[in-house]
Structure formats: structure tokens, C-alpha cells
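Across the two complexes that follow, chain A remains constant while its partner is chain B and subsequently chain C.
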Partner chain A sequence: MAEVVITARGVTKQFDGLVASSNVNFEICVGDTVGIIGPNGAGKSTFFNLLTGLYIPDSGTITYFGKDITKMPPHDRVGLGIVRTFQLVSVFDTMTVLENMMLARIRFDGTYGKKRFFLRNLLKSREVDGCMKALDTIGIAGKCDVKVSDLPYGKKRELEIAIALSMDPKLLLLDEPLAGMSMVEITEIMDIIKGLKSKLTIVLVEHKISKILDLVDTLYVMHEGQIICSGEPNMVICDPAVKECYFGRDNVCY
Partner chain B sequence: MLKILNNSVAFAIGVIVVGFVAFAYSASVNKITDFVIFCIYVLGFDVLYGHMGRISFGHTLYLGAGAYGAAMCAKYLVPDPFLAMAMGIAAGAFLGLIIGPIAVKTKGAAFALINVAFNQIGYFIVLVALARYTGGEDGVSLTFNSYGFVNFGNIHFLFAFCLTCLVAVYYLMHRLYGSAFGIMLLGIKENETRVRFLGYNTSAYKWVAFIISTSVSAFAGALFVINYGFANPGFMDPARNVEVIFAALIGGPGTELGAVVGGTAYMVISNYLAKYIARWEMFLGAALLIIAFGFRKGIMGYVRELVEKRIKANAMAAEK
Partner chain C sequence: MFEVIAYGLTIGGILYIVSIGFSLTFGSMRIVNFAHGLVYAVGAYALFALLPVAKGNFVIAAILAILASLPVSYVIEKFVIRRLYGKSIDYAIIASYAVLLIGVDLIKWIWGASPVPISDPVGTSVSFFALEIPLYRLIIIGLSFLIFISLSIFFKKSIIGKIVVAGLADREAVLSLGIDIDKYFAIVFILGSALASLGGILYGPISTIHPYMGFRIVTLCFAVVIVGGMGNLRGTAIASYTLGMVMAVTAWYWGAAADAMIFVVMAVVLIFRPIEL
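Take a look at the complex of A and B:
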């Protein structure tokens, strides 16, 4: 039995009476790739935000490698290796590609928090080489001085994933990485994720079920804040309850 | 050209020094000393506004804190100008230290108004509550020690000293903005949540930026006191916040040179336009409207844009 990375036990979160996440139990083991699907408003993003610390649950506990992190602030969770991306691509438009990457990496430069952090020119950090290499893996090292706002959307998404990878993640949470992408871009991102699958523990929230079916080991289906079904992907999508909430009552089996 | 705008701090400092010296000795040294100090104040304000994306409507509190810190030191301890400056900066830093944690939790209107609230409290304290020491509405007059040529009563020395201070603060800001910390502030301005998920405790860094801003503003306040030889509640008047906001806006928030250009532009308008037009503030209001609706990036932002466009066009032409 592989070691458990993150566990959620009875996690509940309400917003003004709306139960966005209700008694959710969730577990992922080292090396697994887990998908979370569900209709709009099912509570996928809320659950994601609970795992990463943007929200603190009203009740329930979240543990990470056996350590209780339920109330730990996001930046400390990132320090432990819980790294996420966002549904709407969140790279910094006003900065250059390299600056974006550097901002993620300066934490790993020996000067973090010291005097040089405040006064030394960013580009004199020894992390620059590593950043350029990371940019090279997604083929935009040549554009390191370009403002991110000038990149196409798909490249921004790739940059965001590259940034996430540069932060030494142990657990990578991808929030709808395929949203708003063209077919070509989807293929590129899928290739990247497939390449990561063997190296990392990944949680994936996605709308495009067909795309992730053969990618994930386990599939969770959320509906109205609850996990209604989980298990092997091809089993899950044939589950009657899943079909009813997700595909509509009269839909044929996927 | 863009490289010069971006990197050449020496060039910028050269322009500032030559510009101010020429201006001072063709107009009035006394007056231009004021301009120089005001530019330091704008630089302090712009740490929060241009870089962290937080607009404070109560920054005169920190200017006033510096002014009164220096004045109280000179009046009740020793009239040493350097100690007075240090006390002024310390007063500003102290306020930043205690107000910071509350203020930086907020943004937008809440941040602006929290600063106004503290500004009002500070104004009341120097005007009424501690009037026995601060001289209330009349303020206090001061004289400072002089040591040989280090004589702040000499306008030429004072001007040179203030200009040196401006250059020093300018250089400090340049270093800060180019560092990892500066990039992080820009990140916080654009998307703070994202910066937190890069693993940074943004509250702490916002607090640091807040203290830097209040300290630099207080430094300007202390210099004003040394320049005028008095401190009165006018330094802390909440109604005067519009000055620094206008200056930062007109110059172009987010660039060091923009702060200096804006500070100078504002001082020129308020000093020289007032001679010809009695109610010059009316034009200030109109100008503010124009800036807010059509000229958001200010003078330096506009210059930058022009240069960038030019470079892009050149690159396109070269490709063809």
C-alpha cells in the first residue's frame, strides 16, 4: 500500500447557508493521478480551495503525510509541496516571462528573506539559469523578455504549469487545465500532464471528461457539494447516479 | 531608449540633479528645495500606490509624523538636525509598524479610508490633544544647530543636502523595485492570491512595504521642518492628501522617475499657476478628471508607451 499524501475527512464548508462542500472524504496516495469531475457549481473548486488553504473548512480535517494542515495558511502549504494552478490562468500579465518564473523560484534562492532579497537585482540571482531551463522545456526560453500579456492563452497555461513544476511540488493540483483551450493547445497540455503522471501525485479538476478518462487512476464525481461516486474511471461514468446528475436522465451510457 | 528608461539609473539621477540645480538657480533656491522634498514624499507614497496597488488617502499622517517627530526632538531634546531627522523617520516607521498590520489586510476603498481614519486621529492629536506640546494650531518654531559648513540655515547647503537625499531615496527605490521584493510587490498589485500560492506570506511583505512608505514620507516631513523652521498641523491636514495623490498620478505611478516628474509638475502648478489664477485648485480638479479618465499612466507612463511603440515598429520594420 502506497503512502497517503493528502486526506480529507468530513470536510464541510458553507457560504451564507449554501453548503458548497458537504462532509467530503477524499484520499490520494503517492504517485496516483486523481480526477474530480462534476457539473458547474458542484463544489469542485471549493474543495480545491479547501485543500490548498484558500478557505478554511467549517468542520472536518485535512492531513498531509499524516500532518494536520486544516488551518495552515496557503503559503505554508506551498512550502510543504502542495502546489496548484488556477482555473483562470493566473500568471502575471504585467511582468515578463522570466520575471514570472523568477518570482516562483526566488524562494529557493539562498537569499530569500535576507537583505539581498530586497536590494539585489532580481536577474542577478543564481536561480536565473534554472528558470531559463524550465522555460526551455515549454519552448519559450527565447521569449523570456516578453511581457506575458503578449503570449497566446495556451502558452500562458503552459507557463503556469511550468511555474508550478518549478516549485518542487509533491502534490500538484490542476484546476481545469484544459478550460478555454483550442484543440491543438489541449493536446500540448495533455502531453505535458501525461509526462508528469509517472513522477508526481496529481489531482485534476476537469470538465472535459472524455479527455481525462484514460489519464486518471481514480475518478471522483461531485454533485451539490458531495462526492457521489468514486472509483475506477470507466466504472464511475456508468454509475446510474453519476449519469443522472452529470449527463441528464435520458442520456445513454457514455 | 527603452533600456535607458528601464535600467540607467545613473542617467535618471543625472537628469534629476542637473534639472533641479538648473531650476533652482534660475528660479528660487528656497522654493525648489521645497520641490525636492516634495518629490521624496511622492516617492514614499508611490511605494504603496504605484507598486503595491494600494492608494492611501491618509498619507499626510506619515508626513506629519515625520515633521512632528523632528520638531519635538528639536524642541525638547536637542536641536540637532540629524537627530531630528532620525527621530522623524523613527516616528514614521513606528506608525507604519503599528498601523501596517491593520491597513495592509485591506485594499481599494477600505485601505484608502483606514488611512484617512488614522490621519484624522493624528490630526486631532497634534491639533488638540497634545496642543500643550505641539503648540496646537500655531505649531512650534525651531532653530537647528549648525556645525561649520553643515548649516541648515544656509539655503544653498540645505538645497544640496535635500537634493542628495532625493538622489539617495531615488536610488534606494530603484534597488528595491529591481529586486525580488519589488517584483513581488508588483505581483501583489496584480493578483495577491496568486503570490500567496507561490509560497509567500504576502501580509508580511505588504507590511514591510508599508513601513518603507511611511518612513520615507516621514523623512520628507522631517526635511520640510528643517527647511521651514517650524511645524504646524498643516503638515498632517487630511485635506492635503490630494496633493501627493495628484502628483503620483500626473507623473505616472509605478516608476521612480514618474514620482519625481509628478512631484515637480504638481509643485510647479501649485506654485506658479497660483500667481496668475486665484482659484487654481479648480484647474487641479479638472486636470485630475482628465488624468483619471484618459491619461491613467501619467507623464512617464505615456513616454514609456511611446518609446515601446516605436521599438515595436522598428522591430517589425526590421523583420520585413
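Take a look at the complex of A and C:
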């Protein structure tokens, strides 16, 4: 059996009495692609924030390759290879494409900004080659000096994914990567994710179930902070409880 | 009228130097740090205490006073501000106001409650269109512009500055790049506090220093941040000089209304641009 990457055991998180995550158990093995679906407010993003350390659970444990990381701060988790993207694209509009990439590489530059005071000097370093290569894979290397605010939303999403990939992820968490994308952009981003599937361990939160059914090995369904069903994707969506809460009675309209 | 403009720019310059740290703490951590006013007062009193040590050399005393106020801001950051992160904004206001109150009492205990004069370190005046303007005020104006330009370069070009600007826009996204953003915010907090201390030092010779000077400046900073936008670096500069000018012009006509006018401007801005806290 493949090695387990990340495990959540009984993870619970409340906000002012609202249980956003309730006794969640989750695990993913090396090389797997796992999808998490669920209605709005089901606790999917909260669960991501618990995995990445933006929230600390009230109870329960999270282990990463056997190491307890329940209370580890988010930036240290990134250092271990837990890398994420956000539901709303989180790239920095006021900076250029290349500067956005470099921001993610500062940690990898041996000096960590200690010896280099000006960003300009970092832009001359060897890190740039790696960044340009990553930009090339999403086809915007030619736009490296363009302000991010001038990119279309779909390209921003691709840039965000490229940034995530440049951080040497062992576990890639994608929070609704298709949200807000046009049909053409969805196809492009799906192609990128399909290309990553064989190389990386991926957790994917998504609303558009039909798009990810063929992509994921395991599907988890969340509802009101709980995982109500998990397993082989085509089995899961036929589960009566899933149909009831997610699709609304008999209308299977995915 | 040139006198009024010079006075407005002097007050605006000091307001800018002090407000920048207040605005960054507000913008980065959503914390209204009233203790910022304490660091300002500590800077002025440290100058007063250190002038004899520096044998009357104002520049050396000023540098020593800034260094002396650093431990104060470090303690405030580590034990008050950092613990308030993510808490309700009310707690931050109460806690940092408490720090200000305690600090003011300590100042009274050490140096007494009565105002202390500090003499003009330059002493000479410059004739300007038949007007005498103290050279010291022109130096303050020049220094504030120099700090504005340096900070602009710092935040636009330096790695630390870029990270902080990114963190102001989206803290969680910066954390998700594996960057310990709080460390960078702490660096900027200390920098902002050092500037607050400098502001107190520069203001001393213009007026007198007294234990309550921190209360007044922090309410003015608050107005600057509301008008300029929290964490907005350029907005803070524009608002500082504008409000400094408003104060100077109001004082020219009706001295007693100078401070009140600032809050009239703040109220008008709030009416037209509501701020979400």
C-alpha cells in the first residue's frame, strides 16, 4: 500500500458556535488525486484552511508523513511541501508576473532576502531561470514584465497554479480552481491538472462535479461540516444521502 | 501666508512621520494601536533626558533617543500587539489604550506632570519674502520629504517592502507562499515606532513636551489614517500634509478650532467614503 501523505483524525473547528468542521477524518496516499465536493458552506474551504494551518483545529490531529503538524504555522507547512491555491485567485495585482513568481522563490534563495535588499538583485539571480520555465509551461513567459492586473482572470489562475508548482509541492491543494472561469479557460486548466495528476498528490475542492468525476480516484462529500460519504466517485454520487443533500431530492443535474 | 504654509508643512511632516507606523499596523493587522502615541512621547522625553548626556548635541541625542525607545516598541509589539492579532478590534483599542495610560503615568512618575521646554536646536531663522521662518522647521519639512521618498523606494523596490505590501493586500496568500509574514510586519512595526519616536523628538523644540502629548498625536494619527486609508502609504502622506495645512490655516483664523477642524475633515471623509473595520 502506498505511503499516506496527510491524515486528518477527528478534526473539529467551531466559529462562535457554528461548527464549520465536525469530526472530519480524511487521508490521501502518495500519487492519489482526491476530490472534495459539497454545497456552499459545507466546510470545504475551512477544511483546506485546517490542512494548510490558516486555522488551528479545536480538537483532532493532522499528520503529514507521520509527523504531527496540527499546530504548525502555515508558512512552515509550505516548507514541508503542502502548497495550495485559493478559491479567489490570490496573486498580487500590483506586481508583475515575474515578481509574483519571485515572491514564492524568496524562501528558496539561500539568503532569504538577508543579503539582497532590493528585489532587483533577486531578479538577476539564478532563481529567475526556474521561474521563466514555469511561466513557459503555462504559456505566459512572454508576459513576465506585465502587471498581473492586466491579465485575464483565467491567466491569473494559471499563474497561481504555476506559482504553486514552483514551490516544489509534495501535496497540492486546489480550492475550486474552475470557479469563475469561462468554458475555454476551464478546458485549459483541466488540461493542466490532468498533466499534474501522474506527478503529484492532489486534493481538489470543486463545485463542477461533472468535470472532476473522471479525474479523481476518491471522492469525499461534505455537508454541514461533516464528511457524509467517501469512496469511488461514481459510487459516491449514487449514494442516496449525497443525492439528497447535494443535488436536492431527485434532480441529479450534474 | 507663507508663514502659514511653512507651519502647515512642518506639522504635516511630523504628522506623516508619526502616522506611517500607525497606518501600517492598522492596515496589516487591523489593530488600532493607541500605544503608538506612547512611543512618540517616550521619544520626546528620551531626547530631554539624553540631551545632557550628548553634551547638548541634538543629533546625537536624537539618535540615542530613538534607540532608547526601541525596547519600548519591542515590548509593545511582542506582548500586546502580537497577542491581539485576529481578535476583535475592540480588544485592541482597549488594550493599547491601557498601555498608553500606563505609559503616561510612568512618564509623570519619572519626569513630573508639568510641561518641559526644549530649546530650538538650530536657533537661526531664514528670511523668506520678508518673513522670518525658523530654519529648524525647514529642516523638519526637508526631513519628512526625505523619509517619504526613502519609504516609497523601500516599499516599491526592496524585498522586505514588497513582501509587506503583498501582506497588506492578502496576508493568507503570502503565508501560503511559505513566507513568515508576521516577522516582516514586526520589522515594519519597529520601523514605524522608530519614526513615531523621531516625530516626538522633532516636535519637542517646536512646542513643549508634556506627558499627555501622546494622546493628542494618536487622535490626529487616527484622523490621518481615516482620511488617507489604512495601510495606504501614499494616502497617509497626502492626508498628513493636507491635515497639517488644514490645522495651520484654521489656526491662522481661529487658534482654538485647529484640532477640531481635523475631525471635521475626517467626518466629511467618513460620510463620503465609509470605512469597513
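Rule of thumb we're sticking to: the second predicted complex is superposed on the first by the 246 of 254 C-alpha atoms of A that agree within 3 Å, B and C clash if a C-alpha of one lies under 4 Å from a C-alpha of the other, contacts with A are read in each partner's own complex, and residues count from 1 in each chain.
Everything that follows uses one rule, which is that a contact is a pair of C-beta atoms (placed from the backbone, for glycine too) under 8 Å apart; a residue touches a chain by one contact, two chains touch by 3 or more.
Keep in mind that this is a model prediction, so the values were computed, not measured.
> In the superposition on chain A, see if there is space for chain B and chain C together, and answer fit or clash.
Clash: chain B and chain C overlap once superposed on chain A.
> Between chain B (first) and chain C (second), which does A:69 come into contact with in this model arrangement: first, second, both, or neither?
neither
> Return first, second, both or neither, reflecting whether A:86 touches chain B, chain C, both chains, or no partner chain.
Both partners.
> I'd like to know which partner A:242 touches here: chain B for first, chain C for second, both or neither.
neither
> Per the contact definition in the header, classify A:205: touching chain B only (first), chain C only (second), both, or neither.
neither
> Contacts for A:99 in the overlay, against chain B (first) and chain C (second): which applies, first, second, both or neither?
both
> In the overlay, answer first, second, both or neither for which of chain B and chain C A:120 touches.
So A:120 meets both chain B and chain C here.
> Flag for me the stretch of chain B that overlaps chain C after superposition; candidates: 92-100, 146-154 or 308-316.
92-100
> Under the contact rule defined above, give the chain A residues that sit at the interface with chain B and also at the interface with chain C.
Touching chain B and chain C on chain A: residues 52, 54, 73-75, 78-79, 83-84, 86, 90-95, 99, 103-104, 106-107, 116-120, 122, 163, 167.
> For a test of understanding, state which residues of chain C touch chain A in their complex under the given definition.
Those in contact with chain A are residues 157-160, 162-163, 165-166, 169-170, 172-181.
> Can you name the residues of chain A that touch chain C in the complex?
52-54, 73-76, 78-79, 83-84, 86, 90-95, 99, 103-104, 106-107, 113, 116-120, 122, 163, 167
> In the complex formed with chain B, which residues of chain A make contact?
Touch residues, chain A against chain B: 52, 54, 73-75, 78-79, 83-84, 86, 90-95, 99, 102-104, 106-107, 109, 111-112, 116-122, 125, 163, 167.
> Touching residues of chain B toward chain A in the complex: what are they?
175-176, 178-184, 186-187, 189-191, 193-202, 208
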